[in-house]
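Per-chain residue numbering starts at 1, and chain names A, B, C, D, E and F are given in the order in which the chains are listed.
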Amino acid sequence: MADELPKTPMLDELEKGPWPSFVSEIKMAAKRSPASKDLLGILERSYQEKIGHWKHGGIVGVLGYGGGVIGRYCDVPQDFPNVAHFHTIRVNQPAGWYYKTDALRKICDIWEKRGSGMTNMHGSTGDIILLGTSTDQLEPIFEELTAIGFDLGGSGSDVRTPSCCLGKSRCEWACYDTMAACHDFTKNYQDELHRPAFPYKFKFKFSGCPNDCVASVARADMSIIGTWRDNIRIDQKAVGDYASAGVDVTKEIVNLCPAKCMDWDGKMLKIDNSTCRRCMHCINVMPKALRPGKDTGACILIGSKAPIVEGALLSSVIVPFIKMEPPYQEIRDLVERIWDLWCDEGKNRERIGEFIQRVGLGNFLEMIEVEPAAQMVAHPRENPYVFYEEYFEEGEEEAEN
Amino acid sequence: MPNFEWNDLNISVDEDGFMDQPEDWNEQIALALASTESVDVLTDNHWKVVNYLREYYKEFGIAPMIRKLCKQTGFSLKEIYDMFPSGPAKGACKVAGLPKPTGCV
Amino acid sequence: MADAPKKRTTDIGPPHYEQFLPPAIKKNYGQWKYHEILRAGVMKHVAENGDAVYTVRAGGSRLMSIDKIRMICDLADKYADGHLRFTSRHNIEFMFTDEKKIDTLIADLKKIGHPVGGTGPSITSIVHTQGWVHCHSAATDASGIVKSVMDAVIGHFENMDLPAKCRIALACCLNMCGAVHCSDIAILGIHRRPPKINHDLLHKTCEIPNVVSACPTAAIKPTTVNGKPSVTVDEERCMFCANCYTVCPSMTLNNPLNDGVSIWIGGKVSNARHEPMFSKLAIPYIENNPPRWPEVVEAVVNIIDVWKNNARKYERIGEWIERIGWPNFFKLSGIEFGKMHIDDFKHAGLTFKRSAQLTY
Amino acid sequence: MADAPKKRTTDIGPPHYEQFLPPAIKKNYGQWKYHEILRAGVMKHVAENGDAVYTVRAGGSRLMSIDKIRMICDLADKYADGHLRFTSRHNIEFMFTDEKKIDTLIADLKKIGHPVGGTGPSITSIVHTQGWVHCHSAATDASGIVKSVMDAVIGHFENMDLPAKCRIALACCLNMCGAVHCSDIAILGIHRRPPKINHDLLHKTCEIPNVVSACPTAAIKPTTVNGKPSVTVDEERCMFCANCYTVCPSMTLNNPLNDGVSIWIGGKVSNARHEPMFSKLAIPYIENNPPRWPEVVEAVVNIIDVWKNNARKYERIGEWIERIGWPNFFKLSGIEFGKMHIDDFKHAGLTFKRSAQLTY
Amino acid sequence: MADELPKTPMLDELEKGPWPSFVSEIKMAAKRSPASKDLLGILERSYQEKIGHWKHGGIVGVLGYGGGVIGRYCDVPQDFPNVAHFHTIRVNQPAGWYYKTDALRKICDIWEKRGSGMTNMHGSTGDIILLGTSTDQLEPIFEELTAIGFDLGGSGSDVRTPSCCLGKSRCEWACYDTMAACHDFTKNYQDELHRPAFPYKFKFKFSGCPNDCVASVARADMSIIGTWRDNIRIDQKAVGDYASAGVDVTKEIVNLCPAKCMDWDGKMLKIDNSTCRRCMHCINVMPKALRPGKDTGACILIGSKAPIVEGALLSSVIVPFIKMEPPYQEIRDLVERIWDLWCDEGKNRERIGEFIQRVGLGNFLEMIEVEPAAQMVAHPRENPYVFYEEYFEEGEEEAEN
Amino acid sequence: MPNFEWNDLNISVDEDGFMDQPEDWNEQIALALASTESVDVLTDNHWKVVNYLREYYKEFGIAPMIRKLCKQTGFSLKEIYDMFPSGPAKGACKVAGLPKPTGCV
């Protein structure tokens, strides 16, 4: 289909070296796809000129949806007509990114026919990214995708495609079923995912334990992180085995415990579970000897995001502990109260984390009807600027402001 | 810039079909643009949305947040999508001759 | 293009994961007992009932052609009954119960150019973004730097020879789609000049109130230019974040002469030992030097080497520096400390050294 | 009262300290080798040359009559060749070389009502301020609470029976003259009602721009009342700090019904082990209950007891809580956590718990 | 002189208990002084009514000085005429608060004659506080004080009375001569101390080592804290003695070292001095075995203060290390550059710490001509909002903004 | 409030001798107040200071910072104290009929 590839002396340099080369990937695709061929050309030009050649914005989509497609046009269509349109489609991945090859091959087939043949496996939110197609292909692609059981992911001011660590599917530490929860939330919020109506985006990420293998604390408006309330399970014999095998239990574990709540006398490993922070370190180092407790669930944190506008945020605790059982009704109710408030009071392009900072965590809790808990703060306030709400009136009764 | 023709109208639009000269907007053009967004007739309800969008934009210089649009017009999000299948941002704003929504995609 | 909407299938959501789980995974779902890392990129997970599953993790290029996906599917068919998964950092995992398949799978992967590794105290794939391949906002390319850096550090992907995990991420602009703000090493595309404003177009393409409120430093004010509503930028207050450009196509910041990357270090996400931390500025600016950004590669390698040679076991980069102190980090790495390292945004005062606990 | 200025002695500064140094101190100035604490309030400092100086530290009341100063001078004459010093926390120290004087000096001190102690892991005198004795700004008295608390904890002054030093301080208003913001335990006078504005006087007594800029939360706006320039306070934004009152006598906050004290804990100043830290809010409000503020005393004693019973050796209160976590502190102390503990000032977001490192 | 004392049932409660009673003190003074008698009365009324009875402000002083006296009037002069005026005099203490009894007695004599007979020994900035006199006594008191060699301390927007720990006079850890420095600075800045001309107050405090026994880091606009650059001196035998005497060197010292730079194998104590933070803990615990190094001096920190307006501040490093030798010329020059800048650019009632936060530490350093050093920050910036000042112009040369 | 009499003037002042009715200020009163601050005659230099203070106060509603006062009038701090021995705040401001400086003491 495609004839000779363009000359790309700079990009060719990126075919050298042991790591898989994206240039080789584009070249493979370019053999068949004129869009990928022009992608090679336009990218080589960017490398020469040190500037991108994509225009700002672009608003395209499929009917009935407000998100899922990122419109993209190049600024030199005369030179690269096959990437004049180069829209991206976000396809909602299955929870945990598990696939069977037949499903993947079907996606490839659609994309061979209707797109550039280039993908991201996956985007950094978690979607399958189909990279580069034109407006007229969007509806057919959507139709064919739904026919094989896939749907679009989020974009715009909506729920973004949730993602999760592989959790109970393969990890012994999963304190709740992350994949089940991720799937459940995704299905439950289809409308919010496809039809943007929020002040800004809202991301869910599910990690099975405090190791947080989907980095939820850094990049989810709601981070649901598995943990436990009871005691770490210890197999003392197995601890001894690690020690015999050369693990320096004192140096490598006890001394690195952030809670300083462990003690090892060469025979017994003691843990003061009342101060253990569930950081996972000891468990990580001796997976055969230590395991999370049995009273498992999750803590929910809220509000992380990238720096713009007010500076980056990590998520902060909003529910210190909750059992994670379908249909997760309590969490759904909470989420809905949060959305209601945020939609009513949030400013345009104000993420929930910024919103909370603006209105104050204490006020926010009040408005979403959640009791304050000491787990929600790193420490109590340091400044004496307390908005006392109670006071006595002249007539002696205690009044409330 | 592509040109878009409809009946005897000839409007210059961008790649996404948004008007290049929003100041030229009129009801005829609205109808024309609607046709590109799978809207054949502009009913009273359509106009309610379009007018609200235009007035809000005139007053505040921005498009309203969608939740506000729903609240103020009394339509649910679903109803808006039924009227404007490509949605409030791409569909309704285009028909209303507003600048193309940017930012958060 | 304007078809009347027909009855379409919508809102079905993603396929249910269960249908994709490898049989041994499905069987032992929630029943795992412990795991071992057999060697870099190869893990063994053992279930309560003694079942064992082997996982081989291959480095992914993320930006992949369907041709490559099909090749990988071929391998999954051959070794893992047609099952595979991707990781949260875009690597590819094959899971199966027969230990003997490990070596041949690794060899087959090598043949199609995919190394195996990324487990334990190693470097794994670089989380990154679109760059010049797809985004209008990019101050640098993503994939090119990633490829160049990974070529240089692949030894640490294929061998677990580091004190701890080292997570590298790249974002091509301050939007930080790669969520680089919590990475051991972050490579971040940056601008260095204020926006160029197209006053003729601005009022047609941008919502002025949104533009004004987009600016973190309140540098933007509404104004009128040639009778048209527009904005002005107080260039003294502009720190080139490009958030105005994000909401307004008529304010461009891309500038080939001055765009480049900065390097940030010491962030982490896990709760292991230390709470999650943000990355901090190490190198404020390195020119874009395509196709292989040698100065960036060198900077990253230097940081990794200094860390590797000085840190203790289990110390992530941020934890190591917290122990030895930033003055020591700058001394050991040879990186120069300067005004740009000193925070001057909202909470800057909280980053000043407010104690006499000092090293020299 | 208006005398013409005559030739006066000015700007001589304080007397040179050298003339006041005890001979053994002067001799070994800069030549000290080590010290020991012999018992609470008694130290031995040994010089390189073997000379030893004994120090006896007596608790000071700070608010002292000249009568008492003279009595103390008598003791200094008797035991320390007429030398004495005060400490940075207002205790009184006698230094001499004859070990045998220690006991009788202590006995003589006792006679005039001054206990000996405050060294090592103990409670020493409470740094405090004026209160109702001299200041217009006081939301509570200083000396009365201090006396009542010290009566209750004097055991920890006279015995080094605590895990570490415990520095208590009191300030009678948010100006914090006692610098209570970095104390193990701080007692802070607070208001709970917004200023009452005397619009008739304000323009004569206050500089309105200064009043406006004095408000940390920007609650104050200039206005005109009855034709006179004045200010209005947005009471929703007022958190009763009284800084407006500091610059403007016509805005009073003192309010017998609602003034009281708050308790703050976990601050420290030294660099030993942990860097200096601010105190954090423990108890938002306790009513003024003169003459002996029993609820305040009880609260302080409770905190000390819980700390003493749970902390490890060398752990100051803040270090202890940092190890066990604030949730455990609230649990152990029985203090209730609530909205007021949650910061809502400028850097509030940085105090949210931004990790999953939790205790239950 | 004074007749019967007023009835003070509430205050009398405060004569009970073992701690020295300030009420008994006032009663002692009241025997002779009508002012102290009225002080008792007015204080008892405050206790009854739970409110102070002092009026706001008061501006009195001695000729040629702008500070040193706090004017105070009571709001019920009709009831307590003897405290109608109740001004306070701040007398500059000698460095280290050392006295000979004759000097103290002379102060007492003046105060017996011309004041209430009540004092604070000392005020929390460090002055001798003579509590309560009337306007007409101010000039005579001043004259008599200077005659016995004492001078007034600071008040208002001026240099406040500097203070210091006892340093080399009795402490083995003093890394420089705090008393000498404190006295020198006090003498050198007499004009700035007595004649307020700054935007706000400016406090100096001198501590001889990082134990910071004058709490300088918390309450001085300039905190000068002794430290050393070389190695901690170790007497290994003495360490062994402590261990034999029951000190658990690992638990009590090594494990509490914030730099984790110590190692104890039961015989040798090793310290990695390149990462030691000079926190003093190990030295504090084993004063006979460990001592600061010999290359001693001070680090200078700047800007601490109480919370109002912008929230409390601790001082932050401005000079990581400097030798402390009279006449401290380098520090004086620095101080003068800082004052010049602050006086020109500072706002009314803006402490130097707030000023630095407003203009930015980087800019501040530039303006006072100090090179940035990594020791000045806890860590480099976390947000990417860098004000790049260098850039290339179209014509290829590197330009500076 | 105490009254203060000087020649035929009778001014109501506060305890510190600051005017109760600053709006009544005039040059006579300035002279009267000066007499309480060890200033017998008001020279041109005195008036320069007083006028500067009054004008600054009229314009900004606050007294100038002392450094600014020196800079603008050209007098050193010492010279100001020579003219007004009780200093710029207590002395000069009082003579100039400004409200009593508060705050930082």
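Keep in mind that, in the parts below, contacts are C-beta pairs under 8 Å (C-beta built on N, C-alpha and C of every residue); 3 or more make two chains touch, one makes a residue touch a chain.
In this text, all values refer to a predicted model and were calculated from it rather than measured experimentally.
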| item | value |
| --- | --- |
| Chains touching both chain C and chain F, listed by label | D, E |
| Centre-of-Cα separation between chain E and chain C, whole angstrom | 47 |
| Inter-centroid spacing, chain D versus chain B (mean Cα positions, whole Å) | 65 |
| Distance between the centres, which are taken as Cα means, of chain C and chain A, whole angstrom | 13 |
| Where chain F touches two or more other chains, by residue | 38, 62, 85, 100, 102-103 |
| Residues of chain C whose C-beta touches two or more other chains | 1, 3, 5, 174, 176, 181, 210, 216, 241, 246-247, 249, 257, 271, 275-276, 278, 345-347, 350, 354-357 |
| Set of chain A residues in contact with two or more other chains | 55-57, 63-65, 70, 191, 210, 212, 217, 258, 260, 277-279, 307, 311-312, 314, 348-349, 382-385 |
| All chain pairs that touch each other | A-B, A-C, A-D, A-E, B-C, C-D, C-E, D-E, D-F, E-F |
| Chain F to chain D touching residues, read off their complex | 20-22, 35-38, 40, 60-63, 85, 99-100, 102-103 |
| List of chain D residues in touch with chain C within their complex | 271, 275-276, 346-347, 350, 354-357 |
| Contact set on chain E toward chain D in their complex | 10-11, 13-14, 16-26, 28-29, 36, 39, 43, 46-47, 49-57, 63-65, 70, 72, 86, 88, 92-105, 108, 111-112, 117-122, 124, 126, 131-132, 135-136, 139, 142-143, 146-147, 149-151, 163, 165-166, 168-172, 174, 177, 179, 183, 186-187, 190-191, 194, 210-215, 217-219, 252, 256-258, 277-281, 284-285, 287-288, 306-312, 314, 347-349 |
| Touch list for chain B against partner chain A, complex | 15-16, 18, 38, 62, 65-67, 70, 77-78, 81, 85-90, 100-105 |
| Contacting residues of chain E [partner chain A, same complex] | 255, 260, 307, 311-312, 382-385 |
